[in-house]
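Please find the structures below.
Common to both upcoming complexes is chain A, partnered first by chain B, then by chain C.
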Partner chain A sequence: MMAVQDSKNRPLWGALILVVAIAPLFSGNQYLLSIAVMTLLYAYLALSWNVLGGIAGQLSLGHSAYFGIGAYASTWFFIHMGISPWIGMWIGAALAVVAAVIVGMSSLHLRGAYYALATLASAMVLKTLVENADDLLGGPRGMEVTLLRNAPWQFQYTSKEFYYVIALVFVALAVFINWRILRSRYGYYLAAVRNEQDAALALGVPTTRYKLYAAMISAAMTAIGGTFYAQFVLFVSPDKVFGANLGVVIAVVCIIGGRGTLWGPVLGALLLLPSEELARSFSGGMLGADMMLYGLLLMLVIWYEPRGLVTILQRWFGRSDRQRLTKQGATQ
Partner chain B sequence: MTTNTLLEFKGVGKSFGGLRAIDNVSFTVNEGEIVGLIGPNGAGKTTLFSMASGFLEPTDGQIIFQGTRIDGLNPPRICRAGLVRTFQIVKPFGEMTVIENAMVGAFLHHARPEDAREVAAGVLRQVGLGGREEQVAKTLTLSGRKRLEVAKALATHPKLLLLDEVMAGLTTVEVSEMLELIHSLRASGVSILVIEHNMKAVMNLSNKIVVIQYGKKIAEGAPAEVANDPQVISAYLGGEHAA
Partner chain C sequence: MSTYLQALLGGISTGAVYGLIALGLSLQFGVMKIINFAHGSFLMVAMYVTYYTCISLDLHPLLAAPIAAVALFFIGWACQRFFIDGIYRKESAREPIGVLIFTTGLWIFLDYFALALLGPDSRMIDSPWANEVVIMGDLIFTYPQVAGFVVAALVTTGLVAFMRYTALGRAIRATGQDREAASVLGIDSKRIYQLSFAIGLGVLGIAGALLLPMYPVNPFVGDIFGMRAFVIVVLGGIGSIAGAFWGGIIVGILESVGSQLIPVTYAEALIFLLFLGVMYFRPSGLFGVEKE
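On to the complex of A and B.
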């Protein structure tokens, strides 16, 4: 339930991860860096989703709602009130927590597909609301973040290295949060809820409340990712940040990597985002090529190993099968 | 005889729509007792369990545990009060290991994973699952899963354990092992209310038998008395499913 690496290999793995993580910084290639930033952003989002969708096993397809709230909140407070997005992202996180409580209270008692549909619906409702808020939020056109060029205290900079380092720190923090949850009583309780909710109830786990906490943590983390995105592309619109597509992609990245595992969400992003970029460049801009790729990879991975890439890699590297199955593969 | 009442059903009834599943059932479980709850299939035994453990709310009557009304409380609160149930259709946390399953129970009173693991390991040895700690729960045999069901509940340190057909489907040898386990649990101070279809087992095990038919209590008493009660005999032999 805890570590992903064997202890004897740990320094080796740590070094490898570190080298791979900082390598893009030395390439100086801005195109490569922007792909790397998006990969890290999705790794971060998948890690955020993992708390609710993976560890707690609640298949949310509506995380675009929280992402959009984060992106819009920090942007709105920045352009209308001059509040730095570094502070605005916490406002976004707080609003996302409120949204998660509202959505959660009305949907967390639902199980399986009904819950997934309810979350999807909540994201669509929010998108429609934003699209119709022309005066307040710019309606379907969205909002542009005021360009300041090199202003690190306002969360923007002309070089991609700036964003890359921030994204890396975000991913590291998200891994840490997941790790802390997984090795705590709370993590075991969430795993129990995912595996067999009634049995968890009978053993004294307040299942609905704990799922709600997971939803709140997950939503806050996702909203902060939304702020990052807004600052990276300096533009938000309902389509880009509230789209149903996004909510599904976040879930797919995590599921392909390995739901409920520590490194699965990161692996999922490492596989999917670069492949998506390749698909886009080789398909000559054909619309939907990336989504077709997602579908194909999802089918392949789920067919070969429903517990995701983490398990496939563990098997390739000869790790015993019984190890750390706990955190993988929701049963519902 | 001066005994302390641990659990009391007081005129408990439960209706599902127009169906009267439980009608005016009263009985007690005293501290240190093993009480057997028997009756033909569909008599309402599991419904009584579900009400005592908070999964269902009685339509009438009261359920009192250690002097406090618990009917209508939610399962986690009842579990914290010291009453825990197992499920007739076992519900292991399938993808988790055996010890992690037991740890979920142990976490009720031990917040640190290291402590919970220690308690869980002890409970697993007690139920005869020592050595299987790292096995994934869903790969256990039926007998193993029944033991695990007991272990999870035991790890919460209950005062009263409700066992729902933990012997169904076990071989004769496994049944006698389970009987030994239940006796040892009582010796360690846990009182037990047990639903069981295996007549020989339940007669051998219980201080007292309560017989339910069509949602009503038709007999209560020492095993020998109940076994000779004409109403009980007709309930079991007269047209209903034999046990």
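On to the complex of A and C.
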């Protein structure tokens, strides 16, 4: 996967990715497929986060807010007004953009750790508000998506294959958006903001405005992921979709893979999600053993290479770092 | 009226312990600019250390505090020495994101390790001392509340004095302000980091011992307090030790008086809203210095 950008091997790698990507569809194993769907969902979320957290370098820990907005908006419009989640997800995305502007205006002037904590706190405020909205949003119990069984136009289907294909398309689109941004003038401005904000400002880059755009794109993408989750699980609750750990996990997946790179977020999800499942099935019923291994894995990867999996693979496969840095703007 | 006064004073005493929890975080934050997400889990460790010391040695909870402090001091020292330092060096040019992810891993690991080792039950020490009360007019305080406030105030004062008047304390502050300048002056920043991480956890050990008589310990007890500690640190001003103490008291008051006036569930939002307001109008915190 690392040689994707390498022109002479490109068709080969492209074919390999395609084969690996569609292979789960032919397994027919529903358990395997649901793990694959969750892996793709997290790859998608990490790619969404990457726009703000990776390319623009703003460490948001509050993306659970946008995810929750997307999940709740489409579900609410579906059960109360009969609007298909396919349309509802755009309403969710629009609401998430509004939220991103509100959060961004109050926090994007903050730097580093302060920004991270402000986003985390914003997500907590929103979660508390949702938990208290008993009449409108079902309070702490959440809402159930009305079960329709096979209704593809209502974003529902009994087989996991349906969700797998959609998730795959979502990931492909998210990779494309990331690729477009990384290659554009706007992407270089964002990289400048990430690497040396003061210098970028001095050169006339409107840093706060550009960071805000990145936050808006990132929030809209994340909200659509929220709708997908709601339709896949058919149930939303404040704990599941607004929880603080979700916001942290989204960031962790991206950073473990390699923030600011094109394939890092996907690699992070491919490593973390299946290994969590594997650990769970091999833990032999020992309470909490799966999560212990998960925590250990995080520590190990970061301790070995803080820049994440992309850098580790580059080192192993001996690709020149410099080429990659200019091409993808790997972190620092 | 006395209900409110009772809530106010009760809030101050629990708030002082919150402040003590946040203090170590503020120190690490201020000196190294790292976000230590495992702070809540270390508090959980401190509470279990206190619990088992009290049970096995049949000790008074307050006497277990120094033991917990020493244990956590060494855990903190080792953690910085063997793990965090390496990650920190690899990316010292920017804010250390690696440390944040590492401590997130540590947080998950410690919580679930405790779950696997000790089970999910909440445990509380059953000491007759914890249930005794002081009555002053209409007001009632439990011994742990009084002890919590007094010890937290003493430790904070002690640490403020240490940072202000000793050579070591000044070296820690200098490293926090400008690492390069400090190392030019011959300060070994590596040692200073180990020391400040260790002191931060040592103080947390005391806080854990003070908290245990008021709050039962379970593997996930740190999640609530850890998150709150972050709010307090920012409220008080990152790096400010006295600020953490006052920030803790504000949060304690907000929680106890707030829940008298509005539903408890909203009181939680109130804390985060105050936090956002402070971030917006005064990012350096209520008691932080703007910039020297």
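Basically, the second predicted complex is superposed on the first by the 310 of 332 C-alpha atoms of A that agree within 3 Å, B and C clash if a C-alpha of one lies under 4 Å from a C-alpha of the other, contacts with A are read in each partner's own complex, and residues count from 1 in each chain.
Note that in this section a residue touches a chain if its C-beta (ideal position, glycine included) is under 8 Å from a C-beta of that chain, and two chains touch if they have at least 3 such contacts.
Here the structure is a predicted model, which is why all the values come from computation and not from measurement.
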Quiz item: When the two structures are overlaid on chain A, which partner does A:200 contact: first (chain B), second (chain C), both, or neither?
Solution: first
On the A-aligned overlay, A:84 touches which partner chain: chain B = first, chain C = second, or both, or neither? neither
**Request:** Applying the touch criterion given at the start, work out whether A:292 contacts chain B, chain C, both or neither, answering first, second, both or neither.
**Result:** second
Partner touching more residues of chain A, chain B vs chain C, is chain C
*Check whether A:192 is in contact with chain B, with chain C, with both or with neither, and answer first, second, both or neither.*
first
Practice task
Determine, under the contact definition given at the top, whether A:184 touches first (chain B), second (chain C), both, or neither.
Solution key: first
Practice item. Please work out whether A:256 is in contact with chain B alone, chain C alone, both, or neither, and reply first, second, both or neither. Key: second
> Between chain B (first) and chain C (second), which, if any, makes contact with A:124: first, second, both or neither?
Replying inline: second
The residues of chain B that touch chain A in their complex are 53, 55, 74-76, 79-80, 84-87, 91-97, 100, 103-105, 107-108, 111-113, 116, 134-136, 152-153, 155-156
Chain C partner, complex, touching residues on chain A are 59, 106-107, 109-114, 116-118, 120-122, 124-125, 128-129, 131-132, 244, 248, 252, 255-256, 259, 286-289, 291-292, 294-300, 302-303, 305-307, 332
In their shared complex, chain A is touched by residues of chain C numbered 29, 33-35, 37, 83, 86-87, 90-91, 93-98, 100-102, 104-113, 115-116, 119-120, 219, 227, 230-231, 234, 238, 263, 265-266, 268-269, 272-273, 275-276, 279-280, 283
Residue set of chain A touching chain B in the complex reads 1, 183-185, 188-189, 191-192, 195-196, 198-207, 322, 325-326, 328-329, 331
